[in-house]
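First the structure, which I've put down as structure tokens, then a few questions once you've had a look.
In this document, chain identifiers A, B and C correspond to the written order of the chains, with residue numbering beginning at 1 in each.
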């Protein structure tokens, strides 16, 4: 799960070279969308992906166009602050519109689970994980085969070269952001059957996504997936041994250690200073 | 000359007027000063040093908890506890700073690491019974006890935070003109070139970090004494980290007056929104997000930068 | 202990499988002007990075006035009296010319007032007097080059490393820089200069060292090095241009 969120983030970083703080907020919005679609239209969250995905692609594109693109020559830290601004805006918009109470989506299979060996496997989580993997594979295929995908990869590896061969830079940047946002919104939808929904939910996923991306290497797609796996594992291990929310410490500790020892991530390539 | 006179007038007003203000206005003014103070502290490392910390709440919380715990368990006056908190925060700042700078973390990576550190402290606090975990700590208010940093009225609190802000701004100004100011500016502009010119980047950044964290912690103690209640999410949360960062950016990072100016603009907006949209929590921060986007897009050097720009272009600000 | 200048022995730098500099020996005696030349990509700037502490050497020793520089951070090396400029000028864009130079002056000056005084003197010396209070980002390229040199000079070095300080300048500006370098030398500063403008480096240097594919292929007075067939071959073989303009 973390992997999907993180790959979206990684994509955005790779192409736009900014760290998108608003990522978590978009996920949160994805979750709310899913929720409302379910409550108002009785639409199953998994099916709603069909709506959520494209919707947030458009929203992401919009954000990129309106907020980020005009400022793309600004100092790096200012761009960071821009995404922070977007995040703050969305998170609190949600707070204003929908209050801070938790909501949940309960579907017929929300509580379903089965035993594999001695391990309890919850159906919703399994579906989410499977969905994540599927989407990730689809994304990978997209990046590899389609023109747009190749353009994105070109832009993230060699901005100048890409421009020279006629890649429409600003359009691709928008598309990348859109895809990244769609990914994360879909992740949100996948997660709704078993996770609570609240405006601040984006924040914790945000941080986790950052950890994953740093772990896997900024801009490295597979690294993000692998990183997601590692983080999920670390968190579970932490949960097994430590009480309460302390398990997050394990992940944070890992984060700090990786940042210190291998800032380019476990799979990343060093990109100068 | 006009500017200096205006400054004097404003300062005089800020000293003389408060006793005459209605209660609510005084509260807002205290808020303004408080966030101006946090902004000024953040500014030392962020604005001047160019190291944007997103986790200054770490120091704030350390200050708040240290002085409060010392007070609750050993009856030590928060005036002293404040200093102890500051020292602890500075030590933590040096630790975190050393780890970060030594390994060459710059820009967004540094921001993320500081965020992580603040989060870690928050999680620790939530799970630690001895510091009250998520229930927090209450500062017993037995009425007026100035020696214990407790006042029955709001007015004395105002003068305390006002003094703190002025102090922070004076320290910032002194630093700006001293060797350290030049060194920080050089590092901020181009760290490699600075090193080549003989500037010890690591030491300088650590010094800025220590100063910034020490001062921020003092703010934490003020908060504890003023609101008489602290808990992990209030003190270690992103609200504080951002609350300090925003005024500095909006007002003008890397300038002396920026943070306070920024706070004068932002805090009333926040209060106003809260008053108008009663019960709609979060609307003020939503506006903050919008303001941040607007400021970065149109006034990247903050208000002070904008004013200076207008002056330089020969237009009367 | 008398000042012994710079002594580099067996300097080698490997980046993964790539050998950038190989068993490089170099000396710069006090009062010398040594030119470091070679075709593009020969490793000259890498040598500067190694000497000035920006890269750690894979092998070899670097001794400046009796002290080993290996493992020291750049600012410490600057403290010891060795300063460098960058090939791509790196001004502190938001600071004025004077403030830029002051940063360098702090290397030796005990306080702000003294730093300002010394910086002002250097600013005049390099000819940037009229631009004293101009923000560096508004300076033209030739002025930025002077600023780069001024900042290095303000650290009061005994050895100054200049990296292609004349690139991008027209002939008049080049003449001016040649004059500036001579005046710097007259102040008692030794110089190690990387340059591609051949007539300038031939005119200025007491000695030329030629680097090719990371290895030294010649070391001697300009006149003989310029005629050295190995050197000519290196230049002609690489770029197809005549070595001497």
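Please note the rule applied: a residue touches a chain if its C-beta (ideal position, glycine included) is under 8 Å from a C-beta of that chain, and two chains touch if they have at least 3 such contacts.
On a predicted model such as this, the values are computed, not experimentally measured, just so you know.
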Chain separated most widely from chain B, comparing mean CA positions: C
Chain whose Cα mean lies nearest the overall Cα mean: B
Gap in Å, rounded to a whole number, between the CA centres of chain C and chain B: 43
Whole-Å gap between the CA centroids of chain A and chain C: 48
Between chain A and chain B, centroid-to-centroid distance (C-alpha), Å: 31
Sites on chain B at which at least two other chains make contact: 192
Footprint of chain A on chain B - complex, ascending: 50, 52, 54, 99-100, 103-109, 111-113, 115-117, 119-120, 123-124, 126-127, 192, 238, 242, 249, 277, 280-286, 288-293, 296-297, 300
Chain A residues within the chain B interface of the complex: 18-19, 67, 70-71, 74-78, 80-82, 84-96, 99-100, 199, 203, 207, 210-211, 214, 243-246, 248-249, 252-253, 255-256, 259-261, 263, 273
Touching residues on chain B, where the partner in the complex is chain C: 177-179, 182-183, 185-186, 189-190, 192-202
Interface residues, chain C side, partner chain B - complex: 52, 54, 73-76, 78-79, 83-86, 90-95, 99, 102-104, 106-107, 111-112, 115, 151-152, 154-155
